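These are the structures, in structure tokens.
Shared chain: chain A. Partners: chain B in the first complex, chain C in the second.
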Partner chain A sequence: MLRVEKVSTFYGNIQALRDVTLRARRGRITTIIGANGAGKTTLLRTILGLTQARHGHVFFEDEEITKLPPERIVRMGISQVPQGRQIFSELSVEDNLQLGAYVRRFKDRAEIQRDKEFVFELFPVLYDRRRQTAGTLSGGEQQMLAIARALMSRPKLLLLDEPSMGLAPKVIQSIFKTLFELHEKGLTILIVEQDAKIALEASDYCYVMRTGKIALEGSAKELLENEEVKRIYLG
Partner chain B sequence: MKQSVEKSKVKAKRCENKYKNFAIASVLILIVPLWARFIPGNLIHMDIVNVMALAGIYSCAVIGLNLLIGYAGQISLGHAAFFGIGAYSVAILSTRYPGFPAWLGIIIGAIISCAISWIVGKPVLKLKGHYLAMATLGLGEIGFIFFREATGITKGTVGIIAIPPLSIFGIVIDSDFKIFYVVWITVLLLMLFSMNLIKSRFGRALRALHSSEIAAEAAGVNTSKYKTVVFVMSAVFTAVGGGLFAVFQRYVNPESFHFSVSILFITMVVVGGLGNLWGAVIGSIIITFLPSIISALPYWFPFMPESLTNFGNYTLVLYGILLIVFMIFMPKGIAYALEISYSSALRGMKRIRDRISAMRYTKRK
Partner chain C sequence: MVLIIVTLALKKSTGLQWILSGLTVGSIYALMAMGFSVIFSSTRVINFAQGEFSMLGGMLMYTFSNRAGIPALYSFILSVLIVTLIGAGFERLVIHPLKKPSVITIILITIGLSIFFRAAAKWIWGTDTLAIAPFSGDKPFKLLGATLVPQSLWIFGFTLLTVVLMFIFFNRTILGKGMRAAAENPEAATLVGVSPPATSLVAWTIAAALGASAGIIIAPIKFVSFDVGVMLGLKGFASAILGGLGYAPGAVVGGLSLGVLETIVAGVFPSGYKDAVAFLVLVIVLLLRPQGILGRQEKLE
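Right after this comes the complex of A and B.
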């Protein structure tokens, strides 16, 4: 569904991605693990067109999206839950969701309303707080809102940047449970994680990034048994 | 289905409310000249209609700047330049070419500001925080130096005098009374435009990018385009204010477009309330009246030392102090405080009414 081919991204003269090649298959959960500064966030930003790749290509459903503006890419069906949630804290929960549907046309209003009801079913707590400003939500609720907001653009592929960051284990569990539910319904998911244990347990296929490069890849089972992964990432 | 019907009802009600408040505020403003003339001048020692007209002129700029600072979250320390472009366009065109309609000068000033802000906006708005402040400060300074030094066009520090009055549909706007209405109708139109803008998809996206630029981008909002568009809008509003300023004063010189005027605008935005549409108007009125009040003080209190009443020397200091005080103690501005007290007054009144009707009811029993 998503193919990233030999992508290199720079910040000025600093190279953050070096010939990264990976794919996220339809209907699978793919994860990318790697230490802080490995280039995971940069990779997701490059996929969505928020940062331009200098070399290489990105394909989504066999269409090249490398140079497209984010608005187009979101409309084609990729959506991102940014690192650190980045909810619109001064806006109401409902307005946050409305902004998630930003790229959708005005005539979709009824559909947008239906999708809102869908995410409210997924996260009932958001329905209870729909008129509250988003900044008043707890950390876990904010992560739910960030996911709900990303779903409002009707993605086929959902990118999540460290969804477990700063959350209690119980909350992480419940969020992953919801992600599995979405996966069951046919959503393709690409998760970036620092916490390798969570990532490997959740995924079908996994990439390991190190200093801007893909260092290792394999099925979750393979990587769980890999000595290096055990030593460095699983402690 | 039922839910959505209810929802649209609620929406309609809110809409009605919005225009009701707008209508009330408009009437309150537009009747000012009708009562102000009955207040004897030797009692208050200021010309209310004249000062209000000036406040309206500043409001145009401040409404625009509030969209930029309060809603989009981008600072500009150089808007005095756009105010100057508006004013000088009118001044130059209507003194060089006798018979040149001043209203066309205002439109041309707005177009020039639009073009300049569009060209500089895109690169400048890539900057954030302090860097953006510095860049816009530089922009304002370039404008000021141009007004002062391009003596061939602007007549330098001497300024341009004898600007002919504005005339609209054959009516010559030659009194404070008339210009008051021209100015405030303009302000109300800008307000109406801004109110609808803020409620639209555009407005929601603006507030989003203010809140988190990263997330707004990820949702597909073209943040750099939005920032540029708001910057251009604020420049155009400010230039319109500047054009009205020229036909109000009937002369212009560079001093009216100094850095301190950019600070004046920002003070008005902050005192009124960042991101509060009516706040821009309220802030403009309060700050514009301040010098008049201070210079009227010696008449009200004859024993005050003269040094305190020599206001001109202290303007920047005073704005600075006001900025600090408001940022610390009242970051949401006066408009917010007024809203709160207004709604609690309404609630109080309702409670009293309820109690009275309850008492009647029990009596009847």
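Right after this comes the complex of A and C.
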């Protein structure tokens, strides 16, 4: 569904990605693990067009999206849950969700309403807090809102950047449970995660990034047994 | 607020007179300040040509209603429409084509634009001070012991209507909410599909319309000439800073406060000091409370 081919990205003269090639297959959960500064976030930014790739190509459903602006890419069906959640803290929970459906604003009002009800079912706590300003939510609730907002654009592919960051284990569990539910319903998911254990247990296929390159890849089972992964990432 | 009460207590009818006159000009400042706010919050740019939008509005109004004899209402709509198109066209033709311009570049461009508009106005309309007839007669009337001209009521009414419309736009429409989202977190807004170029265009369009209407409705009271934009712009800017830049309710509070303050100072001190008030306020606010009366502290990351 998503193909990244030999992508190199620079910040000024500093190279953040080196010939990165990866795939996120339809209907699978793919994860990218790696230490801080390995280039995981840059990779997601490059996929979405927030940062331009200097070399290489990104394809989504066989269409090249390398040079498209982010809002076009979102409209094509990729949605991101950004690192640090980045919800609109001064707007209400409901407004945040409505903005999630911004790309569909001119059509199917009824469908947007249905999708809203769907995410409320997924995260009942958001329904209870729908009129509250998003900034007043707890960290876990904000993460749920960020996911719910991303779902409101009806993505075919959902990108998540460090969904577990700063959250209690129990909250992380419940969020991943929801991600599995979405996966069962057919959503393709690509997760960037520093916590290798969570990531490997959650995924079908996994890439390991190191200093801007893909260092290793394989099915989650293979990587869980890989000595190097065990030593460096699973401790 | 305190100032208003003190003034009222000291001199009842004169005080009220000052306050009502102050609210009249204050409404204009509020409209100007909203223009600054809307562009600032979506693009982080101070548009120094904001005052020239008002000047152009006033000048066009003069041409249409006094010269061409078109009825005031149609002249008003026509003038606002033309200035709005100029504002939108400027954004599309000059700012939009720039690839990732720095904020300072755009600010310099808006300064250049304001100089250009002023020179063009001088060339077209000359340097005379021009008078525009009030919208509905100029017979003053009494209100609670204070004297008011009917134009003041137009100004109050129009400002109130504008504030309500802005509130509805930013709180009830998806486009307005998108603009607020973009103001708060541009990158997250991009991620839900709010496109920055579109936001910028809408902001410039609204600002130009606000500026033009402010310039037109004040013209019957203050006259219009090629250089009125400078002062109106600076007062509007000071009001925006006073109320809290980038925050619409702040613009209204800042504008009204500055208007009243200015009129009271003009009443107590020689009126020549009036214009200094705005700048004194600007300096004091920037020193003591840079986020303005209602503004929140900018989050630095």
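The definition used in the following text is that the second predicted complex is superposed on the first by the 234 of 235 C-alpha atoms of A that agree within 3 Å, B and C clash if a C-alpha of one lies under 4 Å from a C-alpha of the other, contacts with A are read in each partner's own complex, and residues count from 1 in each chain.
Assume a contact is a pair of C-beta atoms (placed from the backbone, for glycine too) under 8 Å apart; a residue touches a chain by one contact, two chains touch by 3 or more.
Since the model is a prediction, treat every value here as computed from it, not as a measurement.
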- [ ] After lining both complexes up on chain A, report clash or fit for chain B versus chain C.
- [x] clash
TODO: Check the residue A:Gln98 against both partner chains and state whether it touches chain B (first), chain C (second), both, or neither.
DONE: both
Open item on the list: A:Gln113 in the overlay: touching chain B, chain C, both, or neither? Say first, second, both or neither.
Closed with: first
Open item on the list: For the combined three-chain arrangement, which segment of chain B clashes with chain C: 1-9, 145-153, 163-171 or 343-351?
Closed with: 163-171
Open item on the list: Residues of chain A that sit at the chain B interface in one complex and at the chain C interface in the other, please.
Closed with: 48, 50, 69-71, 74-75, 79-80, 82, 86-91, 95, 98-100, 102-103, 149-150, 153
TODO: Could you pull out which chain A residues touch chain B in their complex?
DONE: 48, 50, 69-71, 73-75, 79-80, 82, 86-91, 95, 98-100, 102-103, 106, 113, 146, 149-150, 153
- [ ] Provide the residue numbers of chain A that touch chain C in the complex, in ascending order.
- [x] 48, 50, 69-71, 74-75, 79-80, 82, 86-91, 95, 98-100, 102-103, 105, 149-150, 152-153
Open item on the list: For a test of understanding, state which residues of chain B touch chain A in their complex under the given definition.
Closed with: 4, 201, 204-205, 207-208, 210-212, 214-222
Open item on the list: Which stretch or stretches of chain C touch chain A in the complex?
Closed with: 174-175, 177-178, 180-181, 184-185, 187-195
